[in-house]
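Just passing along the structure, written as structure tokens.
Per-chain residue numbering starts at 1, and chain names A, B, C, D, E and F are given in the order in which the chains are listed.
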Amino acid sequence: MRPSKRQPDEMRAVSFERGVSKHAEGSCLVRFGDTHVLCTASLEEKVPAWLRNSGKGWITAEYGMLPRATGERTRREAASGKQSGRTLEIQRLVGRSLRAVVDLTALGELQITVDCDVLQADGGTRTAAITGGFVALYDCLAWMQARQMITIDRVLKDHVAAVSCGICEGVPVLDLDYAEDSAAGTDANFVMTGSGGIVEIQGTAEGAPFSEEEFQALLALARKGIARLIELQKMAVL
Amino acid sequence: MRPSKRQPDEMRAVSFERGVSKHAEGSCLVRFGDTHVLCTASLEEKVPAWLRNSGKGWITAEYGMLPRATGERTRREAASGKQSGRTLEIQRLVGRSLRAVVDLTALGELQITVDCDVLQADGGTRTAAITGGFVALYDCLAWMQARQMITIDRVLKDHVAAVSCGICEGVPVLDLDYAEDSAAGTDANFVMTGSGGIVEIQGTAEGAPFSEEEFQALLALARKGIARLIELQKMAVL
Amino acid sequence: MRPSKRQPDEMRAVSFERGVSKHAEGSCLVRFGDTHVLCTASLEEKVPAWLRNSGKGWITAEYGMLPRATGERTRREAASGKQSGRTLEIQRLVGRSLRAVVDLTALGELQITVDCDVLQADGGTRTAAITGGFVALYDCLAWMQARQMITIDRVLKDHVAAVSCGICEGVPVLDLDYAEDSAAGTDANFVMTGSGGIVEIQGTAEGAPFSEEEFQALLALARKGIARLIELQKMAVL
Amino acid sequence: MRPSKRQPDEMRAVSFERGVSKHAEGSCLVRFGDTHVLCTASLEEKVPAWLRNSGKGWITAEYGMLPRATGERTRREAASGKQSGRTLEIQRLVGRSLRAVVDLTALGELQITVDCDVLQADGGTRTAAITGGFVALYDCLAWMQARQMITIDRVLKDHVAAVSCGICEGVPVLDLDYAEDSAAGTDANFVMTGSGGIVEIQGTAEGAPFSEEEFQALLALARKGIARLIELQKMAVL
Amino acid sequence: MRPSKRQPDEMRAVSFERGVSKHAEGSCLVRFGDTHVLCTASLEEKVPAWLRNSGKGWITAEYGMLPRATGERTRREAASGKQSGRTLEIQRLVGRSLRAVVDLTALGELQITVDCDVLQADGGTRTAAITGGFVALYDCLAWMQARQMITIDRVLKDHVAAVSCGICEGVPVLDLDYAEDSAAGTDANFVMTGSGGIVEIQGTAEGAPFSEEEFQALLALARKGIARLIELQKMAVL
Amino acid sequence: MRPSKRQPDEMRAVSFERGVSKHAEGSCLVRFGDTHVLCTASLEEKVPAWLRNSGKGWITAEYGMLPRATGERTRREAASGKQSGRTLEIQRLVGRSLRAVVDLTALGELQITVDCDVLQADGGTRTAAITGGFVALYDCLAWMQARQMITIDRVLKDHVAAVSCGICEGVPVLDLDYAEDSAAGTDANFVMTGSGGIVEIQGTAEGAPFSEEEFQALLALARKGIARLIELQKMAVL
């Protein structure tokens, strides 16, 4: 039995609250159970130096966690003067995942920054950030389309969402919360598109190495969970 | 006429949403109109080095703003590697203001950190942070009282709240929003207690210097606004 | 009786020593008793990015303290790798105060940086920095006028000076030295112009909140002290 | 045909040169073709704070790249003042991978730091670092065993090695060099143990998402490559 | 003819103004012509970690330059967030030079920090810092002797002073000012003791390499200049 | 007798291994006994800001040490976030030394960065870096000449090499290794050209000051050692 009483293949309650920011071109407060991430998509008329005059745009992401998003207060990264390796790793992953479904040439020489700030953490913040970040990005593109800047269908090639899976007390389970995440022997994050393509797989043995069979079980769970997340995204952005 | 159609002595809608964090000992999402600040109070069993073995505790505050809390995206302080002068100035002010109503000896050798993170900014973030931070602090102390760690009435000497005032097109007005704040010739922040004592006054001429009469008008408005805020705090923490 | 035997409304001996720097366009070593601040005004042919091609100039200030300006040696900010919140707060205040009496359009697209470095500290370093910084700025403008770059009377709209006041053992006193500053229950800094306009008020309750009456007493003292400082400035720059 | 004329399942020439450092307890210069990584294992009588008095030891890794290890000179991280996200990500991976085969309790309260410095880069530096880092670690443990500090067989539970695979022009290939890595549509790194357990999988779609079938092909290649690397490790440390 | 009309072996006017700091245990404002360096010696009851419980003390130095000490304003190191290589190099040199004449065991487990802050620069700031730093250190030791903490004669083994020499338009000259320093083909700094021992020699060819004969000429000039500086030090501390 | 059994005027075995980097325009692994420094020379089509449009080029150097190049592991500078004073001092010295033999106008508006990374340290790393850095620079210039970009003979005015000398147990000795360096009372580094000109002299008394006679003995040893190093350089680059 999972600590949360869920079935092994059962996700937490997932919701997308759109338009939560007065200022951002797109925004979404995504909740995976008690994990709450505020995602905003900001459009800027600039691109990184290496893309100038290329006609191509850029999608980037930043990730942060409020100091008391966690059970114990964590030191504020702005105060310690640098972003941790974990933060940098996650925001690189979020950016790559979102870019995987965007045609940067169709976007034009513009940059969209997706900020994912964890208001409350209970495991799976990076997968929530990708899944909710997509919705914020979608709304930013809709804002642009409403102003005849782009055509969404040409810029956005597919949906993208992410989920974590792990092996807890020998059982492969879907969408780990913090209690499970801390105890899991193996922990894997999967990012996939609406058409079932794989964008990213990150599997890590926290304790003993895992077998190929175990990995295949996690992959199957992830496929199921992501299909569900993409359904929910589609309902959210209808 | 003010941009928001308010009367000169009319505050924005103010609300306190308590218990918004699963983890923090005290928390409050305070709204002054479109300015939304998430305040959490975190209890830690440590004090700054200069208080060790003194028997006294400490209240400190940190302040942050999500990158897209503002009309234009602001660079993330964690990414730029340091907190701006404005951030440091505000968090020092919030900490001083809250300490003004706390008996640090009655608290005992413990530290409470009040994190004030601006989710959305529309002027007056520092005054909202102080006013909402008080509620988070109150709830943290209530949490401690429930565990027989302290007696609230001995630790908390009074309420404290803050409001900004300014002179806009020659008229003294209460509780500036961003549109007024940008245009105001004079801008002042006041921090006062429930019994009417003054904790902090910060008045700045943005353009032409202001007269003593103008300043007195701002002070009178502030007194009125803060009395109202403290009424609302009292209703919130009943 | 004050530790320095001064009357409540008596300032310390104040002096301005001009032309102390061989290199700077304007310079002044200001002394408020044992508080000594070396102020230099440096003219540069550049302005901050947001003013480029605006035709307007800029006045900015930086503040520093030699490590042994204080009773105990303080860590050198260059060695610790960042300026403290206190430093940033003070230099922002000095810059705002000086800009309050300057017509930036009449200055033209040039920048003057006023560096205020505390050689010896005995309370009131920020008010000495503003008061002496004005003299350095004046001399820089005189240097420019001598070269037909500007007309002082069009650039400089008024004098500006600053003083601190506080309530020590229940008595409102003018121009706190370090011994008083450490013990004062309330501490306020005032910045005013030659014509009596208020540029900045910062009042802080260090211990118990203060009353409106107490604040008015401090304001009256400050008005008197600043009038005297501006007289001295005028004698200095004749 | 691959740029290097290799077969799809053919690795580059791999060699381990042991004992290359006069000072380190263990060291290995590992070469995967033109990728050369100098690995040293340093024993220290300290552990991270959270392990003090736990009786358990720690294995950690750091990663760096000489500025001209690459085709274009890269800025020195010591000069830019921080380690990039990529560097932090890699050194966290190397540390996790090595810890996966070590019994930290059997090690005792000691720390071994494995430094992996890339002298020359031609793709696959992180997989070379893990594979060669294991040899340096082994030699450090042998050094300790020779001094009766530990028994290798109790500390080291298995071998561990890593390899990258990718899909280049539609063909799954093993052990990408830089030319392939830049062009690959999909790039994956695998870390496995001598007994075939999986320690880490990182698969990333650089362009189009990849299918499950493609991923399985990469996994099969990796299994083959890692088995070969572990054979070579065993020959090296005989 | 030198720009300053001095003879080749003529130093600038040198003066030592002692006791310039109200707070420091020892202090000296040293002037080598228009180069003015404020030196303070601060006694602290702590030593670097590697000397704890050794019974030995430590002498260290820090160096800084006010932003407008120079002809053009230099960026404040506290604002740029780090000390330049030049600053670090100079303060290491000052520390080494002073330690060369101190018996650290006789000092006891205490630290004296000599801060050398350049108020005005006109060439030779490092040599003025060493020469004036010695006087500040002497006065700090005298302060300690007056409190029966040490015996000066046991702690201080000799005098130490420094001077620069260079070859300007083919002529070896003593004590370069800024005009000469910028134009000199060769520039050398010498640190020597009262008894004529050499503590440090730093000679650098700015343009063409110099010959051994030229170097010997500089060394002879330095010997003469330092003898004179030590005479002046002795008069100053009598 | 020296720890290494060498005669006082005997250098360690010195070798230059050229072409060790696949990528760099010039490279050299220089060995002075157990001190091994990897030097690469990288050509870039940019110059520092102050040389733009001057027609002149620039030679600069950077220095680093692998963490376990030393007997005890040293903290990685990239991790600590800054280069130490020692590192900055050395890389400034290497750059100055190499520029002393280059005609920057004949080079044209290009920059060559010589990176000197110590793989293993046993004393004398800076002198090895200069001596081996010259060979890397030479090979970079040869690479450029082969592409008709420059004529070596016009760019390179002479050879340059460096060696350390010291007084160990009263005896002047040449080319100190770590054991001697730690114990030496006096330590001096000399940089000279092929034609015998002196580029840099740095002599430091670690303990007691040294006499002029001692210094002359060190200079004579250095002259001999550098003549030998330049012979070896010439054989290496033939």
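Rule of thumb we're sticking to: contacts are C-beta pairs under 8 Å (C-beta built on N, C-alpha and C of every residue); 3 or more make two chains touch, one makes a residue touch a chain.
Here is each chain with its UniProt name: A, B, C, D, E, F = Ribonuclease PH.
Computed from a prediction, not measured in an experiment: that's the story for all the values here.
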Next item on the list: Using the touch definition from the top, list the chains contacting both chain C (Ribonuclease PH) and chain E (Ribonuclease PH).
Entry: none
Next item on the list: Just tell me the minimum hop count from chain E (Ribonuclease PH) to chain F (Ribonuclease PH), counting one hop per pair of touching chains.
Entry: 1
Note to self: More than half overlap in residue numbers between the two sides of the chain B (Ribonuclease PH)-chain C (Ribonuclease PH) interface, or less? Answer same or different.
What the structure shows: same
Notebook entry, point to check: Between D-F, C-E or E-F, which shows the same interface as A-D, counting it as a repeat when over half of the contact pairs match?
Noted result: E-F
Check: Taking each chain's centre as the mean of its CA atoms, which one is farthest from the centre of chain D (Ribonuclease PH)?
Finding: C
Check: Between chain B (Ribonuclease PH) and chain D (Ribonuclease PH), what is the separation of their C-alpha centroids in Å?
Finding: 50
Notebook entry, point to check: Which integer distance in Å separates the CA centroid of chain A (Ribonuclease PH) from that of chain B (Ribonuclease PH)?
Noted result: 33
Note to self: At least two partner chains per residue is the criterion; list those residues in chain C (Ribonuclease PH).
What the structure shows: 81-82
Checklist line | Sequence of chains encountered when the ring is traversed from chain E (Ribonuclease PH) in the direction of chain F (Ribonuclease PH) | finding: E, F, D, A, B, C
Checklist line | In the complex with chain C (Ribonuclease PH), residue positions of chain E (Ribonuclease PH) that touch it | finding: 21-24, 27, 34, 38, 40, 42, 44, 62, 64, 66-71, 73, 76-79, 81-83, 87, 113, 115, 117, 119-120, 122
Item checked: chain F (Ribonuclease PH) residues within the chain E (Ribonuclease PH) interface of the complex -> 82-86, 88-89, 91-92, 96, 100, 158, 188, 192-193, 195-205, 208-212, 215, 219
